[in-house]
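Input: a single structure, listed below in structure tokens.
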């Protein structure tokens, strides 16, 4: 089991990057696999994502790439929300999925872009206006 | 077919990110599928990767994430080389693959790390020394 | 086409492991691809799954592992039901998906666990109570 | 960006193979990633799918195979519609998915067949009647 | 187990499409999993691939698409050989992998093309000369 | 970082299931990503695989299923060795891969079986003799 320190660190990171959505996963898992919830918070966030060497923005870009390749859309939506929360612009996010066209092919790139559209619509971020980007 | 401008732009980008290795793919494809070579240069590099909105570093992180998820190791090696060429440190690269453990699982993360070890060895970059990172 | 013996053997195994849900697949396929229905019954169940050398429980664990890795959720739900029908406990099933975190990564493990939650809810098996396990 | 010629060629091919559904993707992408729409039309259809060397029917068979293997169902439905539009019979399409059982396994083959059932139902093509095939 | 008729039919089809390479798989499996060898011959070839509704060429195109998407290269090489054996031209085969760029992305399309180069070299078919195509 | 207890528990489990091969992974990772080595031992083995609720044999069957589906062969070989070390018979292992034919398709099942042949040959376990199985 993750240490209390790792758990607290993960909880804070989950709150900062995912807001309310992030904590919901713990509620959902509570009556079926609370240990998976512990692993999400204490290990995935508290031990791995909280490490130095790569910034939050770097890790979020990795996530967008990996989840597009895996084609796991519920997690894509969650991570598109996280990407917005930590400061990636809508234009950068759709650019990432356009870039994914090269490596993952059209079906994966299209599904990721449609997931972005859904999230952007929920947050009142449509239409995506070119020129609002702040690249690193 | 890609425009002459896109092809030239792609060729330059391929040279800058992949050096000699990048151009080798054109030689290899010349007698079997020259049009795929054209697509790599004129479309993948010249039209997509050369776009603004995301920096080269951002795109390289996306690539490392996608290729780890796809498990396509020859391309991983090529992209680990590109990542080094554009300024990612060995420590950042192995951190990306450690981060991939969360999303892609151990087999993919381990194979990507072993690909990095192979590339680092060829370039005299072993051992990876903690603390040489320059995160964005 | 599968022999009549294989078909009968498959039909019986399908009934025993999947109950009504198992037979529904034949109805669904009847007007679009009856031969795929024949293959499910006569080949997949009648020839392969009915073989000796591995117990039903063993094969069900393999199925849970493979389907989590493939990320094909409709089949996951069906197989979670089968797993319960042949005697795996809810705790063992969620443990299998927690174990999958190591090999398939968080998105696949999480989606499988949520599929289990849905099936357990339909069968009145929530909350999962630790300590009811009967490992082999 | 694709040339005007490639874009026009792609638009025409998209219309011929996908009808109204094909153009809808452009509307859907217009406010989130118009450049991805450009790539679908100008590159995917206008540059690649419009090439000679393989017939439309050949390319459609490749698509059915690839999409079954990838398990990306929204695109499967779109391509089952295209397959019907360019003259593949319902029986040939379900035969393709039965064939996919060998290479992709039962979950992928079953999901593709259920996608076909959905499309056939929408177009009044159920039940699939054996013997209406016109193989090449 | 497959019927004797299916086994004989499969053996003949395997010989016609794969030549000596096809039969080698039986030798290789003989001391480790002869039943898997039986399934390859009696089921995969004798029951599924030998069915009507799709021509050999159609099935081979499906195979090239599925194997490119799956990224399983040993089987790709075997099927590129089969494709040549049943009359697909080298140009059609590389066109299929160029087409796969759209749906499977560059790493898979590139690896498939390199597998084709290897097979073509072994059979003295390099360079691939444009214009020798006989599309259906 | 994993607790000292988890690390010790993982190291012991790694030794018992993988013997010398298991420890080699730590040496290989030492100069490139020692933290990934820590995660393998302290987290994957020490925290997850060492949990109760499923027996070692159960977890090994899950592993064989997941790795066949993922198609990651270096890890397959390692886990086939582990499977033998914890008491699965060669016949049970090849039966697992024959069973995988249904869910993962022929290319994955065949590659897994060939990996088993390689491991069995190294350990002098060929030919596999039917009837030596001890199913649970």
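Observations, loosely collected:
First chain written, first letter: the chains are A, B, C, D, E and F, and each begins at residue 1.
In this text, contacts are C-beta pairs under 8 Å (C-beta built on N, C-alpha and C of every residue); 3 or more make two chains touch, one makes a residue touch a chain.
Remember, predicted model here, so these are calculated numbers, not experimental data.
Between C-F and the choices B-E, D-E or D-F, the pair with more than half the same contact pairs by residue number is D-E.
Summarising the inter-chain layout, the chain whose CA centre lies farthest from the centre of chain E is A.
Centroid analysis (C-alpha atoms only) places B farthest from chain C. With centres taken as mean Cα positions, chain B sits 22 Å from chain A. Once the centre of each chain is set as its mean CA position, chain E and chain F turn out to be 30 Å apart.
In chain D, 35, 43-44, 51, 67, 70-71, 98, 101-108 are the positions where the chain touches two or more neighbouring chains simultaneously. Chain A meets chain B in the complex at residues 43-44, 48-49, 51-55, 57-59, 61-70, 91-92, 95-96, 98-104, 133, 135-136.
Across the interface of their complex, chain D is touched by residues 25, 28-33, 35-36, 39-40, 44, 67, 70-72, 74-75 of chain C. Residues of chain F that touch chain D in their complex: 101-108.
Here chain E touches chain B in the complex through residues 71, 90, 94, 97-98, 101, 105-111, 113-114, 116-117, 120, 126-128, going by the rule given at the top.
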